[in-house]
Amino acid sequence: MKRRIYYYDTDCGGVVYYANYLKFLEEARTKYMEERGLSLKGLMDKNIMFAIRRQEIEYKAPAVYGDILEIKTRVLEVTGFRIRFVYEIRNQKSTLLSTAVTDMVSVGKDFKLKELPKEVRKLFLDQLGSVKKSI
Amino acid sequence: MKRRIYYYDTDCGGVVYYANYLKFLEEARTKYMEERGLSLKGLMDKNIMFAIRRQEIEYKAPAVYGDILEIKTRVLEVTGFRIRFVYEIRNQKSTLLSTAVTDMVSVGKDFKLKELPKEVRKLFLDQLGSVKKSI
Amino acid sequence: MKRRIYYYDTDCGGVVYYANYLKFLEEARTKYMEERGLSLKGLMDKNIMFAIRRQEIEYKAPAVYGDILEIKTRVLEVTGFRIRFVYEIRNQKSTLLSTAVTDMVSVGKDFKLKELPKEVRKLFLDQLGSVKKSI
Amino acid sequence: MKRRIYYYDTDCGGVVYYANYLKFLEEARTKYMEERGLSLKGLMDKNIMFAIRRQEIEYKAPAVYGDILEIKTRVLEVTGFRIRFVYEIRNQKSTLLSTAVTDMVSVGKDFKLKELPKEVRKLFLDQLGSVKKSI
């Protein structure tokens, strides 16, 4: 996924504000899922939503106005309720800016945990490839 | 209403990003209404929401990190569906930074216009004072 | 310009938050200028920045999660210091969601007005076509 | 620190968007430092800025529109370049919504690490109290 940096992403320190990377991660997850045929909107209609349970991010180098970021997204682990995403964010010079881990869980509209539908879990498990399948 | 400027309000031009003033205006409207006994949350429970129909804002001088903004809010006009707010935003030195006008309308959950409940309209009309009551 | 709507664009009313349209307009202006060979970053290096002087926007219909917005951007007027942009925002069904006008001015790093460089002014004037050239 | 939740903090899932908690943490750190006599703006004038190096946050329960969050901030560790903050975020019912850890480092305007001024380090160390002083 490629993402251009706009004024609204930056702060008066001259670089991208630390919270805004989490918006880029949403974009990356969305693209990741939709490229694999998973529509968040479609799931919402079936009363399945995703909530973020835990986020971890390291900031190694800053991104600045006009940069084009590239985000590599991978699924590291899938359980009955939880999907763990890992990401690498690089700029147009391939400098590693940030690494991050998100734990996303499936919930109902009441925000209580709700088991991932089988086909969704399968879809993610298929992505794990040689990576350990923790289920 | 007083509002401190944080890093997240600013952009790499060193000043508050132009869209973020509209967030301050939401804070100002909310405070204005709640100080007059009008709970947005209470109205939501009665299936009445407010939507913004039109926004106009002039930027005369920039706000910077650490500034304390003061926002004066006034209701200028009330009709069956619409409330017109006007604001002046000043910094801690009383420099006028911005003036703005918001047209807010009452809608149902389907975002269709829905007449303002009588008591709500009355509450706003009482604020108009000597100002022309357009109803 | 096309722009997908993410969770972070929306609010708990279920639609795009009114301030966030101004971020889309920044994206649209940037794209407009860069497609015509004008790099904001290049200008910054020459100590020329753009500041927003005035913003006006009408919200006619809401955008929701997953929508793909299309923004048509036009320059309506160019003077020695000021460029007036007008926009139409539509969703994937071509429904008109919003119209907007931005007055952008050229400033130095001190945020004082600074005349538009001749070549920049020319570039915008060339876009006006049959539209009245106000200079 | 107390912080009201506005529309602009939430998303169409009906709850506060996960990235926005990081803005609240900025507010909490700022308040923490300023209450102890440390002005970020004053430090900026001496060419000392703070950058976030690492952020970790757990989301245990969602915050919704109208909630009043309370954030408890503590400094857990201080080294020559780094300050580690820990936080607890609760709502008006004292429900624990979130816990978080931030590693903040002192940098110059070039974003290279720059040793914390002695008086600043001392100020933070004095907060550690009986907690282990790691320096």
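Here the chain labels run A, B, C and D in written order, and each chain numbers its own residues starting at 1.
By our rule, contacts are C-beta pairs under 8 Å (C-beta built on N, C-alpha and C of every residue); 3 or more make two chains touch, one makes a residue touch a chain.
The model shown is predicted, which means the values in this text are computed figures rather than measured ones.
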| item | value |
| --- | --- |
| Same-residue or different-residue interface between subunit B and subunit C, half as cut-off | same |
| Pair sharing more residue contacts (C-beta pairs) when A-B is set against A-D | A-D |
| Relative to subunit B, chain with the most remote C-alpha centre | A |
| Approximate Å spacing (C-alpha centroids) for the pair subunit A, subunit C | 29 |
| Whole-Å separation of chain centres (CA-atom averages), subunit A against subunit D | 23 |
| For subunit A paired with subunit B, centre-to-centre distance based on mean C-alpha positions, whole Å | 34 |
| Subunit A residues counted as touching two or more neighbouring chains | 7-8, 13, 15, 19, 23, 26, 65 |
| Subunit D contact footprint on subunit C (complex, rising order) | 7-8, 10-15, 17, 19, 64-65 |
| Sites on subunit D touched by subunit B in the complex | 4, 6-8, 23, 26-27, 30, 39-41, 44, 65-66 |
| Residue numbers on subunit D that touch subunit A, as the complex places them | 13, 15, 18-20, 22-23, 26, 49, 51-59, 61-62, 111 |
